[in-house]
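Quick heads-up: structures coming right below.
The same subunit A turns up in both complexes below, where it pairs with subunit B and then with subunit C.
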Partner chain A sequence: MIYQYIVLSLILFFIGLITVIVRRNLIVVLMGIEFMLNAAGIMFVTYSRFYNNYSGEFITLVIMLIAACEMAIGLSVVVAMFRIFGSVKSNDIRELRN
Partner chain B sequence: MTDKLSSLLVIAVLLPFAGALTNGLLVRYMPRKISGIIASCTITFSFLLFAVVYIAAGNAIRIPYVVQVAPWLFLGDFNAGISFIADRLSLIMALMVTGVSALIHFYSIGYMGGDRGVNRYFSYLNLFVGFMLILVMAENIVLMFVGWEGVGLCSYLLIGFWFSEEEKANAGRKAFIVNRIGDLAFIIGIFLILGYFNSASFISINANSYKIPEMTAFAVTLLLFIGATGKSAQIPLYVWLPDAMAGPTPVSALIHAATMVTAGVYMITRLGSLFMMSDMTLAVIMLTGSFTALFSATIATTQNDIKKILAYSTISQLGFMFAAAGAFAFSAAMFHLITHAFFKAALFLLAGSVIHALSGEQDINRMGGLERHLPHTSLMFWLASLTIAGIPPFSAFFSKDEILYKVFINENPAAHFAPKIAYIMLLLTSFMTAFYIARLYFKVFSGDYKGEKHPHESPRIMIVPLYILTILFAISGPFGMGGGIAHIMEMPAKIFIKNIHLTNTFQRILEPSIASFGSVSSDVSTEILLIFVSVAVAFAGWFSGRYLYYQQISPVVESFNRKFYPLHNLLYKKYYIDEIYEFLIVRPYIYISKGLYGLIDRFIIEFVFIGLLVKIVYVTGFVLRVFQNGYLYKIICIGITGLGIILYFMVGR
Partner chain C sequence: MSSALLFYMSAVLALSGGFIMLFSKNTVGSAMGLLLAFVATAGIYLSLSSPFLALAQIFLYSGAVAVLIVFAIMMIDEQKKYELPVHGLFTKSLAVISVLYTIYILIRIVRFSGSSRVALSDTSELGRLMVSDYLLHIEALSVILIVSIMSAILVAKRKS
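Then we have the complex of A and B:
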């Protein structure tokens, strides 16, 4: 049943989005981004099974690859930020405003 | 003229500037007394250098010699350099300026010695002489304008020298602003000249002046003359000069009697050939000059401030010079300029000596009887008064008589009546002059002393320059004697020396460097008659003044003043000219300015343009500020919203 898979994907996506918006901890924000990416991956796999077109599954693999890279860079950025600002809360890091 | 002489000339012009710089910048680190000595010495050296150049150059300066100092303005194919003209006219003028200035500088050491700002004073005074020399020596009209403005600036600085008193500071401002009006006309005249001649050099302007059309000549010369009325205090722009008496008295003597105010006459003489092209302007100049002379002489008869009387007298004598210039008698104008510089500087310095003696008193009603207290001053004042009254054998008799004669025989094709009217006005002025100066002299020096303070004679440093000036104005007359006087003088002289022929030395010297018609023929008998008329008028004026004011309080004067109260009051209030100007020009100007300030500045510029711009920026910033807040979650929310909108338009419909 394709319907449940789409709902699962959407639920995952919005959990990720709300996490990104609501949470201040940058590591959790990165987790939220990961949620959204995986929601997109589920959506791709679902539709590729539905249309019998395997390029969607292939794209999912690419997304996972990119997600790994992105996570590595993102975490290193967070570590660097922690070194500079002494915090990983996004509210503490507002150089533009001041 | 050799290179050596040219460099001496340049040094002579630059010396006063060096003195001004030294006094202005360095003297505050030295004892205060030294500033007067530095200033006086620079001017004296400058005078000596001019004298050396004049004597050494000899006949070489019969034709103008141009000393190129530095290139200055290049505008297309037109250029005006910093270059000086050395001919007899400019050198004689420079000699007069530096000579009188040197004497006044020495006098100032005594007069201003106790003042706190004495180095500032001498710095300004030196700067003034420097600019005056630039004005006199300038070879082109643009450089002359630099000197013209420079002396105006120094005049402003020195009138307002005691700027802590508002009245004096205002007098300085008035002088500056009134001069601006004349200068505007002058600068337009300069532009017209540059446009028509494509050259600023006096030599080429005078040489090519016959080429320009009549109406252009009229416009140009009239504009230049309006500039001259500002600087030389003629109607209608004379109002600043009486107020300029707020400055220290030596300043009044130097700037507002001897040198700066004669700049207009010098300028007209310098551009003689150009002024010759317009008979109409000459008529205007002659009538303005003679009317100014009469007008201010009448005011001078009723004033009570010793310096004000001399100020109106200066305006009146300048009127004489302009009348002569208008009658195309430039040599007579220049001669009167020089004798006037001597005797009027002396009169002002003597007035300064009186004021000094009475510790600042200027009202002649509170003087009197000073003859006994100030023997030197009163003697010289007597001689100077006789001189300005036009009584022979002093200098003003010769110079004034020459002017009267030249105006009388002048024929102006544009206005036939002008010379006759001018002559009558000038003759009346001669009478008035003798009268008011006799009134001044007898009110101050005869009778009983009416003040409280004990008068004391001035120190020697003030008296000696005065004696030099006295000698100058007493004996300089015969150098410029007119034909009629020469004729009279020849008769007794023939007893001793056969074949004697007396001539107008001054005119002969000046002849090569000024424009002249050639001589207008007139028989000597007319001239001799005119001489007797003018001498009779001078004596009549002097003795009527003596008769009325010798007794100090004369019943005749009292009853006259009562009977003709409106007339006396009109003269005493100076024809209400200041009030009329105030009402006609100053008030409307202030109202218009205030209106324009409200409309243009406050409303259009500040409210509409600037205000609107500020509002736009503020509102834009207010809106955009929401997006640039620095909170990650808000930025993401905005991004999501934007994405949602894009998706709605791409997919949703």
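Then we have the complex of A and C:
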């Protein structure tokens, strides 16, 4: 049964990774990062429960708090970027090119 | 519902939420897919018999992060229309299933009675770890929270 949890966690992680790579909207890219952190949390809790060690659950709580902090800072950067460039697409931001 | 059935249902909903997030052209649709995946992750934690983490998942991810994302989408106001893309029969049935599933998860968290496969997670043991072995981590996390809130306010403030 532990293999099914691990395979699910890996699939979710790669969905998040593909979202970060493929999508151009910066908010959706941040969502992909959250999704990857979530998948890592599933993996930690799986090993923590199947081996009855509480450190994995504690690390999952830490991951949740770090994800909230990262989301606050990332979204504030995206909002500031929208005020400057007028867009949140990552291929519209090319100030350094010329 | 047995925990294997709960796991499979949560896995299907998490995967469909992830694919909705990946393929939706509408940003609000992506956020709703992400929210579905977060709630389904709480179901996965329940099937691993750790109800405290399932509750923290719903509070922190579904309550804080998803709401924050929707607020940012509304503030950025790029596409000028925010209708939810609930058109086809598949999307409508998925929406109804998600709402029923969320209610089921909340009831299951409140009336949790343990799972058959793994031992029930002892929340008091987790709390004891927080004030003994991982005390330094908790203090560092509080500093990180303060600094991140202050920096988010500073970055997003309108220059006048």
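In this text, the second predicted complex is superposed on the first by the 97 of 98 C-alpha atoms of A that agree within 3 Å, B and C clash if a C-alpha of one lies under 4 Å from a C-alpha of the other, contacts with A are read in each partner's own complex, and residues count from 1 in each chain.
Here is the rule we go by: a contact is a pair of C-beta atoms (placed from the backbone, for glycine too) under 8 Å apart; a residue touches a chain by one contact, two chains touch by 3 or more.
Since we're looking at a predicted model, the values are computed, not measured.
Chemist: For the three-chain model obtained by superposing on subunit A, do subunit B and subunit C clash or fit?
Modeler: After superposition on subunit A, which the two structures share, subunit B sits beside subunit C with no clash.
Chemist: Now for A:Ala67: first (subunit B), second (subunit C), both, or neither, which partner does it touch?
Modeler: second
Chemist: Between subunit B and subunit C, pick out the one touching the greater number of residues of subunit A.
Modeler: C
Chemist: Quick one: is A:Val22 in contact with subunit B, with subunit C, with both, or with neither? Answer first, second, both or neither.
Modeler: both
Chemist: Which partner chains sit in contact with A:Thr46 here, subunit B, subunit C, both or neither? Use first/second/both/neither.
Modeler: A:Thr46 contacts subunit C only, not subunit B.
Chemist: After overlaying the two complexes, what is the shortest C-alpha distance between subunit B and subunit C, in Å?
Modeler: Shortest inter-chain C-alpha distance (subunit B to subunit C): 15 Å.
Chemist: Per the definitions at the top, what is the overlap between the subunit A residues touching subunit B and those touching subunit C?
Modeler: 22
Chemist: For a test of understanding, state which residues of subunit A touch subunit C in their complex under the given definition.
Modeler: Residues 1, 4-5, 8, 11-12, 15-16, 18-19, 22-23, 25, 27-28, 30-32, 34-35, 38, 41-42, 45-46, 48-50, 52, 54-55, 57-58, 60-62, 64-73, 75-80, 82-83, 87-88 of subunit A touch subunit C in their complex.
Chemist: Taking the touch rule as given, give the residues of subunit A at its contact with subunit B in the complex, in rising order.
Modeler: 17, 20-22, 24, 29, 90-91, 93-97
Chemist: Please output the residues of subunit B touching subunit A within their complex, sorted ascending.
Modeler: Touch residues, subunit B against subunit A: 628-633, 636-637, 640.
Chemist: For subunit C, which residues count as touching subunit A in their complex?
Modeler: 4, 7, 11, 14-15, 18-19, 21-22, 27, 30-31, 34, 37-38, 41, 44-45, 48-50, 52-53, 56-57, 60-61, 64-65, 68-69, 72-73, 75-76, 78, 117-119, 121-122, 125-126, 129-130, 134, 137, 141, 144-145, 148-149, 151-153, 155-156, 158
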